[in-house]
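Multiple structures are listed underneath, in structure tokens.
The same subunit A turns up in both complexes below, where it pairs with subunit B and then with subunit C.
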Partner chain A sequence: MAKEEEDLGFWGDARQTRVVKDLFSIPPPVKKLFDRVPVVTYPPNPLPQRGPKTSRVPSLYVFSNDVDAAAGRPSFNPSCLKWQTFLNIAGIDHRLISSNNHASPTGSLPFLLPAAQSSNVSQEFLPPIPSNKLVKYASEHGGRVKEPSNVRYEAYQSLLDHRIRNAWLYTLYLEPLNFSAVAYELYVSPTSSSALVRASISHTLRAAAEAELLKQSAVIDADDLYSEADKAFEALSTLLGDDLWFFGGDKPALFDASVFAYTQLLLDDGLGWKEKKLCMALRRRENLVLHRERLLVRYFGGS
Partner chain B sequence: MASPSDAGDSLFESLTKVDPKKAEAQAKELEERLLAQNVKAQNRLRELIGSNSTLPVTINKVLLVGGGHTRRSFLDPIFNPLLSVNRDRPYTLGEALHEVGSVATKLERFGIFKEPISTFIDRPSQTDPSTTVTDIDVYIRAQERGRFSAKTGTDIGNAEGSAYGEVQLRNIFGGAESLNLNASAGTRTRSSYQAIFDTPVLSDPEKRITIDALASSTHKPWASHEEGLTGGGLKYSWATKSGMRHQLAYTGVWRQITGLGEKASPTVRNDAGDSVKSSITHTWLADRLNHPLLPSRGYLIKTVSEIAGWGPLKGDVGFLKSEIVTTGALPIPIPGIKGDSGVSLTAGLRSGFLLPLPVGFGGASQPSRINDRFILGGPTDVRGFKMGGLGPHDGSDSVGGDVYAAGSANLLVPFPRVGKDAPLRLQLFANAGRLLPLKDSKGKGKAEAGKSVQKDFYSTVSQLGDGLPSTAVGVGVVYAHPVARFELNFSLPLVMRRGEEGRKGLQFGVGINFL
Partner chain C sequence: MVFELHVWGPAFSLPSIDPHCLAAIAYLQQAVPRGEWQLVASSNPTLSPTNELPALRDGERWIGGFRNIIHYIAQVSQGQWVLDAGLSEQEAADCIAFSSFVESQGQPLLDLSLYVSSENYAGVTRPLYNTIQPFPLPYLTPPSIRAAAKLRTEHLGLSGLDIDSEEGSPKDNSIIPASLRTPRTTVSSLLATTPEINARIRLDALAQSFLGPLQDLLGEKRYLVSERQFSSLDCLALGYLSLMLLPELPQPWLAKSVRAHSPQLCAWIQDLSSRIFGPSVTPAAALLTSSSSSTSPDPSALPWKIPDTGGLLGITTTYLTTLADSLPVLGQHRLDSKMRRQNANTKTPTRDLSPASSWPTVTLLGGLLAGVASLAVLFLKRGLFEEEETRGGQGLDAFGEAGAALSFLADQMDEQVRRDRAQAVGGEVDVVVGVEGGL
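Up next, the complex of A and B:
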């Protein structure tokens, strides 16, 4: 009907448009009636118990468990941990909510759900902020965001995004020992108690990791992946040198968070790594180990 | 051409020219004569049977003609009770005919034979020394339906339209077993694949076992998400002598809440992801309505009780869920109109609750999830509200509730001039409902969790009566198409809670089960 209205407006003259519009607008007596109802309006229904309690601070949805999330402990997923650390560094107060990829508007975690400004939650809608817009969000909300400008920044970032990430994907999902000891406990067990569902999700996860690696090379060569990662750690170690933070900053920044996202998880003995090739490669770079400890103490209370 | 003589002409004309009136009269006479003959023949037969109805007979042999694929072991339990050998006293002819008739109806109910199934009775040849004088033979002629059929089409369900393709295998093992493979895509159910194997138990068409497997994805715009289902179940259905239907079902299903809309609320985001429901459901139905879609007399009561997760059921969710649906219809006589006036009053009442239970043996119970909770409102239940328009709302999402009650009263009046026999009515309705989440007693320690759930439940139920229920009234047109009921209503919501979504003005509803 709306289409018809438009067409007439386009072909007919202005008066005809008005007539057609009048035809579809609510006649005054009916409008008067509509304005009178509902006669009684009560306060809203309460919300079901399972929903998260409303909060004054924004919520960062990450891979975690309820206990760790409430305590603000590091997430076990590198990209979640990167942005969690970034928000901590930027001084953006937030709470963590343990979640999974299905909850995200982009299909992957993390994302930030801004806090309602007023107490009246149902009246306004604040869109979720995906991870690639978090820097902008932080700078708009009084966060301390300082990005060093360095010509080689992109190159080092790509070391993390490709070489180290690929080795990470391999060691976590495709090393059978690590998959059953680490990935299964973190990503599969919490989804469901059903063995069939767990088997299906395990398969999906491993297939996705494999597909991701095959995107970049025709074959998956474990030794090659590990040696590339080893070289990448070496390069990062050289870049850091004796500085406290990367690129000679006086305070940590996003790049430090990106490195910490992997170093924290590879050096965390609590995860129970079984095949430790990648962990060993990192442990050999003492300045990276110390860098991780500095961030852990400063932003996560050393836990 | 030579012109024929006058006399010949008139004779010829009188022969060719048929007086239409005379012809009609003749045809009528013929018809009447045939009819009279038929009636006479029938009467004679009835008299014959009537006068012989007490004649003792014994059924010696039952023959099924045309049951090529059907197993003997499947047919024996149906036919054996007919045979006089298996009876403690002899038949009269009347009884025998009655029994044979009911066996034929039973056969029809399996759906593997073409209707109608005809029966014949014959006397066995007297030369056969094994027969006695009272013996009769029963012949049942049934033609088997095709064992394979495929069809495509469109379907209308409650507030949804879909297109489907279906393949059916009938009488697979010769015992009226069927396998139904079905794929459909629709407005709400994005995609659905289903396989259903169905078989009667002990050759009884009223007792059936069904095994099904399902994979589907359904869009739920009222709560900004899509739900994917993968699972299967085992059902046993039976009917009692008084016509009440029961069904006991086990269902195991993997649910996935995914594809969240950008505006999805925190409550929906919190429930996103996977969960497995393992449950046993009992359904009881007593349907005494005189018409499934536009009843004017009778009642319907249906109860559904489901227990999930508890004890050996396991899974990820634990709850006890129970629902009762009732409908009653009453014809209203109008003074001055003889017989059925076509005016009727129908009323419906529904209510349900969901009580969290611990999963497995012991432990604390978890609050309900969005895919287990009830939703209420929409053109097919509480009219005058949007789909899921009643109950708790987080932002624009209808997140459902744990306890509900809804009622409706509709006055249906035939259209002037169209008459009461047309499936068309004007309706005047008032309906109301209330949907609430289980009250949160603010977790007073885990130790008394079990007790507090019970206390929460009672306080929630008592809360249903707080204030007026959310209510809407309206007028509309109802059309009962053989496939579904269509309604176009003008509605006005009168009482609402803030956050609930009413529908002022026109609302269109298509469905099978209306409140």
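Up next, the complex of A and C:
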């Protein structure tokens, strides 16, 4: 019984495919018509004129304005400034391009677009390098990178990444005076001239800062944030002591860049801080102020 | 005036389930003379002006948060009850830096271990809250703590530990295109292993990056920053590390990491926690529900005091306040105004005990409304559905043992498939016949 069924199935299959083949074959008149119309493949469209051009120098995309970017002046965003300073310290030649988060494949600035290696630039695919891969990139491209290995490195790094960053977020975005005087001018005004768009961006920025701070505690306690940042500066000041650079190196390194990212912006009078609690806390630590000036003179021409 | 330290209740034979509460207990135990303070396992964060425990009550004054409590005690005692007083400049700087390190790196680890990991949360952490909070509150507290924990650990990309979540596809932050990414946890990989095993390497690296610097700092010393002096950093580290090492969880990856990576730190934790927190603490001992130990004869035991829940009315108020605080706009406003009131009273944070403004009445109304609406929803959702999910999760894990049942199922499915195939073949024959008939 089973065998019969199988045989039947086999024959049935063969017959069916023949029928199906007949069904799907193109009728001769139609085939003739198609033969007369050849398929043409057009060359790809050129890239838009204003698209980024691959250059011989790697491009670092940062928050900045066009004039400052062309002059290589410090970015006004701490994490951009950290990596900008790092590349300067490592001696990686680069150009700055003023940009915003929407340009970045990771959703946040900075990122580096590597230099084109050969002349046929259009064919080359250069993946952008997000900020957490920049140390590797620098060491692969002849940068002078030497990180001190120290028991305390991680701990003091966490002071910058949490205590000082939290106070920074608060003082820049959530202090109303500073927000309208500093953050509004830097992040909101350049993006649009429409009042509605500006209001929406301001709200988004402030809400994001607030959400970030509320992740770590149930309420935003401004006094606590400032006093913790004050203690953090105290600890960093003690760590630096009378040395030129952190961890007793003979040259600045990534940690110096991380500290500089905040000290430069807090001590920059050009930004027009109105509520200066955090700035004052920093100014009391003289060696941190001098550390900032050393880096500014050495890598940014003292501008 | 005797201080009252209000904390989250005991768990895992430790006096509290929260690292900062443990730190505050250790600090007061070391800094403040016995008899000058009492410990209350009130487990009610709405008492605190910063809406978090630990909170210190000094008469009518409330101080919230570990750091504020340290400052306040130092202030009140005129610099007498300070642990960090004798540290050198370098040691003080280390104390500040490592405190920040312990908090920022330790919190995500505890979050993942106790709250995000579904098995640990459903099996151990959530039921624990039933023992330390009065009845309706455990319906609100653990889920909200868990939500906060998930938010804090989102950037680590380990949300796979939570197999309860429905959405399953968190926002893509990766620059790797979807087609090249390795697939996320699928049902078959869940059957094969638990998500903790899948994420083992990442979790280990995370734990290692936390334990390494602490281990290096401890070295051969007796305490973390100094040989002879117990500092506030030791309190904080003890709080976090004891909650990593001591709990017995279904997925003990964190305790395993601690044991494997730093046996020295292990010994340090065990020694200190038994010395400072005394013998293991049970909820009954902390809440003084057993009548026998009303006067604790043991001098090493912590000075527990019966928490005053305020009876049914008190619990209801707490419940409604918690609900009101969790409302999107209203809750934030409430918390902010609470903060503002505290800041208005400047450096000595005081909680206004007789609120006279119109906002509390509005929020109470809002709370009432929300309470009535949410009660039904919450009881249904959290109480019934999540229970169901948990059971589902455990069912998955039990598959290994139910191998026989599975193979029987599989056999049956094979049979079914074979039958289907046979039918399909028969069907084709019919079709062909039909076509031929048509021709």
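Here is the rule we go by: the second predicted complex is superposed on the first by the 250 of 303 C-alpha atoms of A that agree within 3 Å, B and C clash if a C-alpha of one lies under 4 Å from a C-alpha of the other, contacts with A are read in each partner's own complex, and residues count from 1 in each chain.
One rule holds in what follows: a residue touches a chain if its C-beta (ideal position, glycine included) is under 8 Å from a C-beta of that chain, and two chains touch if they have at least 3 such contacts.
Everything quoted here is computed from the prediction, not taken from an experiment.
Now for A:L159: first (subunit B), second (subunit C), both, or neither, which partner does it touch?
Touch status of A:L159: second partner only.
Name the contact category of A:R50: first (subunit B only), second (subunit C only), both, or neither.
Touch status of A:R50: first partner only.
A:K231 in the overlay: touching subunit B, subunit C, both, or neither? Say first, second, both or neither.
The answer is second: A:K231 touches subunit C but not subunit B.
Report for A:P28: first if it touches subunit B alone, second if subunit C alone, otherwise both or neither.
So A:P28 meets neither subunit B nor subunit C here.
First (subunit B), second (subunit C), both or neither: which does A:V197 touch?
Once the two structures are laid over each other on A, A:V197 reaches subunit B alone.
After superposition on the shared chain, which partner residues are touched by A:P105: those of subunit B (first), subunit C (second), both, or neither?
A:P105 sits against subunit B and subunit C alike.
Counting only touches as set out at the top, which of subunit B and subunit C does A:G270 meet: first, second, both, neither?
In the superposition, A:G270 contacts neither subunit B nor subunit C.
Using the touch definition from the top, say if A:V40 reaches subunit B (first), subunit C (second), both or neither.
In the superposition, A:V40 touches subunit B alone.
Output the subunit A positions appearing in both contact lists, the one against subunit B and the one against subunit C.
The overlap between the subunit B and subunit C interfaces on subunit A comprises residues 105, 127-128.
Considering only the defined contacts, which subunit A positions touch subunit C in the complex?
Subunit A reaches subunit C through residues 5-6, 8-9, 12-13, 15-16, 19, 105-107, 127-128, 130, 151-156, 158-159, 161-163, 215-224, 227-228, 231-232, 234-236, 238-239.
Residue numbers of subunit A touching subunit B in their complex, please.
26, 30, 33-34, 37-52, 59, 61, 97, 99-100, 102-105, 113, 121-122, 125, 127-128, 191-194, 196-197, 200-201
Using the touch definition up top, name the residues of subunit B that touch subunit A in the complex.
Those in contact with subunit A are residues 254, 256-258, 260, 262-267, 269-276, 314-316, 359, 366-370, 373, 391-396, 399-402, 435-440, 467-468, 492-500, 502, 504-505.
Mind pulling up the subunit C residues that touch subunit A in the complex?
Touch list, subunit C to subunit A: 45, 50-52, 65, 67-68, 71, 89-90, 92-94, 96-98, 100-101, 103-105, 107, 148, 151-152, 173, 175, 209, 212-213, 216-217, 335-336, 338-339, 343, 347, 422, 425-426, 428-429, 431-432, 435-436.
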